[in-house]
Amino acid sequence: MSLDFFVSHYNYWVVIFLMMVGFYILISRGNLIKKIVGLNVFQTSVFMLYISMGKITGGTPPILVGDGHGGEAMEHVVYSNPLPHVLILTAIVVGIATTSVGLALAVRIKEAYGTLEEDEINRIEALVEASE
Amino acid sequence: MSIELLLALSLAVPAAGTLLILLLRKSPNAREAASLVTAGALFAIVLRIYGVVSTGERPELVLAEPIRGIPIALEAEPLGVLFALIASFLWIVTTMYSIGYMRGHHEKNQTRFYVFFAFAIASVMGVAFAGNVFTLFVFYEILSLTTFPLVTHAGTDAARRAGRVYLGILFGTSIAFQLLAIVWTYAVAGTLDFQAGGILDGRLAGIAVPVLLGLFVFGIGKAAVMPFHRWLPAAMVAPTPVSALLHAVAVVKAGVFSVLKISVYVFGIDFLAGAGASVWLMWAAAATIILGSLVAFTKDNLKARLAYSTVSQLSYVVLGAMLANSWGVIGSGLHILMHAFGKITLFFCAGAIMVAAHKSEVSQLKGLGRTMPVTFGAFFIGTLSIVGLPPTGGSWSKWFLGVGSLEAGQVGLMAVLMVSSLLSLAYLMEIPLKGFFQKPDEPPHHEGIHEGPKWSLVAIVTTAVACLALFLYPEPFYRLMTMVAGS
Amino acid sequence: MAGAGEGTGRVTAQLPILQVVVPLLAAPICAVLRHGRAAAWLAVLASWSVLAIALALLGQVMAGGVVSYHIGDWVPPIGIEYRVDIVNAWVLVIVASIGAVVTPYSVASVEHEIASRRIPLFYAAYLLCLSGLLGITITGDMFNVFVFLEISSLSAYALISLGRPRRALTAAYRYLIMGSVGATFIVIGIGLLYVMTGSLNMADLAGLLPGVWDSRTVKVAYGFLGVGICLKLALFPLHLWLPNAYAFAPSPVTAFMASTATKVAVYMLLRFFLSIFGAAFSFDVMALDRVLLPLALVAVVSMSLVAIFQVDVKRLLAYSSVAQIGYMILGLSFASITGLTATLLHLFNHALMKGALFMALGCVVYRIGSVHIDAMAGLGKRMPWTMAAFVVGGLSLVGVPLTVGFISKWYLILGALEKGGPWIAVAVLVLVTSVMALVYVWRVVEAAYLREFSGDEPTGEAPLSLLAPTWVLVAANLYFGIDAVRTAGVARQAAEVLMAGIGS
Amino acid sequence: MREEIIVRVGAKILTPFIIMFALYVHFHGDYSPGGGFQAGVILTAAFALLALVYGLAAVQRVLPPWFTRLCAALGVVIYGGVGVVTMLLGHNYLGYDALAQDPKYGQHYGILLVELGVLVTVFGVMASVFYLFAGRGRSES
Amino acid sequence: MSIVVDIVLLTLLAVAGIALLRIRNLFAVVMLAGIYSLLSAGLFTVMDAVDVAFTEAAVGAGISTVLFLGALALAGHHENRPGHTPLLPLIVVSVTGLALVYGTIDMPGFGGADNPVHHHVADHYLEESPNEIDIPNVVTAVLASYRGYDTWGEVTVVFAAAVGVMLLLMGGRRSRAAAGDHGQAGADGQADGAGHR
């Protein structure tokens, strides 16, 4: 594996590592709120993956410089890709939307079951089911 | 009136009958009159269709086309007409019998009984006149469904269990085997139409042929080839007219009819004989014949004994179809007829005994023949017909089946037929003998016992006479079957 | 206004976007209405216009081929495209039909099951869910799929949580977690495809992807999209969220979700894997058929078995749904036109039968508040129309002829037999599981008809406003079982389109 | 209780920054990073922190829940309404060119309007959600 | 220079991630998650995604923290120790992660100007938006016009979330009040009326 390859890919790998940390929190933790934190970390890291894709080395943010009327003024400026940014803006919003619904559910579950721990909820449900 | 319209009417009349019966539920007399009138009308229609078909016409009618190229279509051909004649005639008789029985036995939900009975007959007509395998399958399944409420009529735990077995086996086999066989046939032949000479010749070969045939034969659970016969004895919990319906008029006959029809019109007897595909099924049928008779021997309950007798007798028909020659087919078709009349007589008698004397076990029948001479006399005639002795119609079908066996070169099957005839003679003849010639165990208190309800008696006499008449006049039916076998 | 002069011409050109905009704009209006009834009727109106639009679109597509709609007048792939071919026109009709039937059904049902002040919000969420599903189906843009997926999912979580038992909450939460994981996987997959091609437009991608088929990235993207979608469509073993979600959600929600949500997920699978990646890539390179076949078979067999032992009838049907999804995937795994026809037909047919069944159960809940199998004893006499609907739906589920279920089975078995050889075993398995379906359906029927009612309070038949929509679906079960030429024709055409791919 | 203090102090420090941010983001969306969404979120954040510091009731007097709920729905309708208007003007959905003679102006108007829709909805939603979370503990204790 | 910032930020993110995994006081977890968001916002800035960075900061560190705190206030903030070794999650995560890493092998290198991703539609946005839309911030142009429909979808998602939260949290805390006797208000004798707590 050449150094070039490493330099041009390490970013992805760290991001993947972060994604997996989030994913791991999500699926291994029993606390309903902690799970949502995990989901947030997971998604935020996916966002980083997208943004990494859009980056051009030596580029600048995709805000056109010049007089704003025709981009021909500054031909030499390299802009990073705006499209991933747009997508991720949308995704962030979706993320917070999911988080808020998830948290609302967690609150209601706490009120109904008196606990936020998955194990205990499962135990209560198993009891109810057995009594059916 | 166009003949196609008559075909449609053969389904529509009993279906309309259900509505009529439902509307007249408040007044039992009107309700039962409606039943009788519908039955009579249906028989008249079928007779008219018979007239046309016997001249060689094959009227057709497409009802719908669920899947492209596979319509729900009706077609009148000789075999179907034969079956339709049997069913529609026996419906009249059974309705008469039911009027006596259901009232005499104070059954609940009588309206439901007549409604579903009429429904069942409508589906039987569909089976009889099915123009392709798919249509046959459709009405076959509807028949299972419409007879289910009849089987579970009593609503007891036993009835519920029986219903479960009934539907489980009939639906189970038809979905798991028959449907597979149908789709397979379609995949191979590209059509499902019944055609003279079959549709599979030249399209299927090797081991696939016997396998496909086996899927059909065992998939038609109503033919009760062992090991899929359990539903028939189980369904004995139903009221006797239902048993008559199951055994003689509709359900089992629809089964063996389907087997015969598929052998003749889907496989074609020449193709079957050439491929030797049906040999293993001949022996499956033969085994059922013998085993059924043996089990019948051990049953003391009269209806159970008759049920196993039916299991055994049905396989005669299957056997005839599997012989794959003209004599076999003729014998098979005639046996549907002869067994129908013979067995319905026996069931009617069993029901009459139950209603009049409240006896259901063979061992309780000693001396009862003297108080119920007509019933036991009819039972005797029915027995002769089932065994295949002159002067009853049963002797003809046995004869042709025997000839067919020899023609097929299966001398062993001939022996099977003989043995089983002896067995059936033994287990059935015991009943009239007990009735007429044995002294009752206990001092008789027969004051309350006399013949069954008069409506039932009329039915019993009718079918018993028919058994005799069929010995003298088998001609029209023989002609129909030669048309099938020759086609 | 400008378009007024040529009224009809303009409207037909705008149909694709109206398909989604109508319910989506009705949703916020519902949310601010004060009266539940007003919101309900707005929703009914919206759902009926959705059906009208969907049918018109199907007509357009069948007459004139693919309809492409450029949102914002931007030519794809620059802008977002709505692209309707016969495949998604078909799925749109399925979703819209169910919506049009379930919405009026929900009026009485919701008033009974949900607190009155939440009813306007319920309809807002319901319409959002509907438009989300429609949006996923109609769009020709990958990322737009994700956005509408989230609209439908978020509203679905909320709708499910409205069920009365508190277990509805945990079911919704579990669905939220698994659904979000699925959505995130889909986003990852889309991102990987995007990085290799620079495009998000489906038709465009279909043209670009063959150039990068060999790359590992595309294969991994394939895997992530696959897992993500399978989570959404509850393919065994990723089905764990489904049974409780369906069992504890309010009746109309269950009826709606069971008949539409998983169907749309199956559509996504077909669209992504067959149109975008291409049937050739999926079957030859990724061995999709060989991966899906065992999963589908295990799903069908094991879930049918589990269903047999359920005592809660809603849950019984939920497990049956997972099994039925197995049938759909099974058809796909045949990798043949007939198999796909079976899949596409079953999308429609299963929507009809499960819709009818769950709606019948909703009637039961409305009257006796429970769908425990013991509670249903003797219901055949007390609620004859409801239970008759259940029986017909059940027979359809079993696959009895003259019902839609039979048509699906027919094509599925035909597909297996066409392949010949060991595939006969698959056909046999399909039939055996039909018999299993018979067992679990019959347990309910037996309870309803052959057991005596034990309680004392008399129960009447469900109100007409519940029964009528239920029977509309029951009638559809029968009608399309007797005349399936048209539905099968469309399904077959769609299957041919899918096997050919967009590019060619 | 220590956590309480952290929140109060943090809120006090952050509030002015957040409001400044919101204004900047809102008005410079076309020229620099930002737009309706960011502005909406930041605005809500400001209100949320204010509520934490000065109490929910005080904020709700200025900004009643029915109003935020209305906003949430209104923004969606504004955004979608722009699309409907362009359709009525004979263009496709969200074809802003229809909004003025010069397509560029049309685009400007369109973007302005939809960003307004975004701002209204995001603000309305975030505030409503915040109210529900913050209000729930209080309502019955 | 930017590569150094990049590496530092990534390292900090990794540290924050691990810490999130291990800490069981949810209050601290939420704060740390906010920090994680801020760090990622920093990373976004480094990678020229200034709009995203603003949003992430506002959402991740702002709104989302507030919501989490609100939820914790209602639901308590201690997490139980995990009961058993989470072997299955570990396997799932490893497989997923390795699959992704495998997928990156053929991915165009980070920051390459020739990557296909920059040359299909992105070109058009950067070159034509001055003529077609004429606002300097291309992200806004794409967001509100070229892909304006996605943004409407996004607004709708937010709205859907509001509807969801309202449905869930509006009204009193019925279930808790009723849980002592029979589960849900208006108990229908169904399913889990048992509600033992």
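Chains: A, B, C, D and E, in written order; residue numbering restarts at 1 for each.
We adopt the following convention: a contact is a pair of C-beta atoms (placed from the backbone, for glycine too) under 8 Å apart; a residue touches a chain by one contact, two chains touch by 3 or more.
Note that this is a predicted model, so its numbers are computed, not measured.
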| item | value |
| --- | --- |
| Starting at chain C, fewest touch steps before arriving at chain D | 1 |
| Far-end chain from chain B, centres as C-alpha averages | D |
| Closest chain to global C-alpha mean, per-chain Cα centroids | C |
| Dominant chain pairing [most C-beta pairs in contact] | A-E |
| Centroid spacing, where centroids are CA-atom means, of chain B and chain C in whole angstrom | 45 |
| Whole-Å separation of chain centres (CA-atom averages), chain A against chain B | 70 |
| Interchain centroid distance [CA atoms averaged], chain D/chain E, Å | 19 |
| Chain E, residues touching no fewer than two other chains | 50-51, 55, 59, 63, 67, 70-71, 74, 100, 104-105, 107, 115, 117-118, 121-122, 125, 134-137, 139, 141, 143, 145, 147-151, 153-154, 156-162, 164-166, 168-170, 173, 175, 191-192, 195 |
| Touching two or more other chains - residues of chain D | 31-33, 37, 69, 72-73, 76, 80, 83, 93-94, 96, 122, 129, 132-133, 136 |
| Chain-chain contacts as defined at top | A-C, A-D, A-E, B-C, C-D, C-E, D-E |
| Footprint of chain A on chain E - complex, ascending | 6, 10, 13-14, 17-18, 20-21, 26, 29-30, 33, 36-37, 40, 43-44, 47-52, 55-56, 59-60, 63-64, 67-68, 70-72, 74-76, 79-80, 82-83, 86, 89-90, 92-94, 96-97, 100-101, 104-105, 107, 109-113, 115, 117-118, 121-122, 125-127, 129-131, 134-139, 141-143, 147, 150-151, 153-154, 157-158, 160-162, 164-165, 168-169, 173, 175-176, 179, 191-192, 194-197 |
| Contact set on chain C toward chain A in their complex | 143, 146-147, 150, 154, 157-158, 161, 166-167, 169-170, 172-173, 176-177, 180-181, 183-184, 187-188, 191, 194-195, 200, 311-312, 372 |
| Interfacial residue positions of chain D with respect to chain E in the complex | 3, 7, 18, 21, 25, 29-35, 37-38, 41-42, 44-45, 48-49, 52, 69, 72-73, 75-76, 79-80, 83, 93-94, 96, 103-104, 107-108, 110-111, 114-115, 117-118, 121-122, 124-126, 128-130, 132-134, 136-137, 139-140 |
| Of all residues in chain A, those that touch chain C in their complex | 23, 26-27, 32, 35, 39, 42-43, 46, 49-50, 53, 83-84, 87, 90-91, 94, 97-98, 101-102, 105-106, 108-109, 112-113, 121, 125, 128, 132 |
| Complex contact set, residues of chain A against chain D | 61, 63, 68, 89, 93, 100, 103-104, 107 |
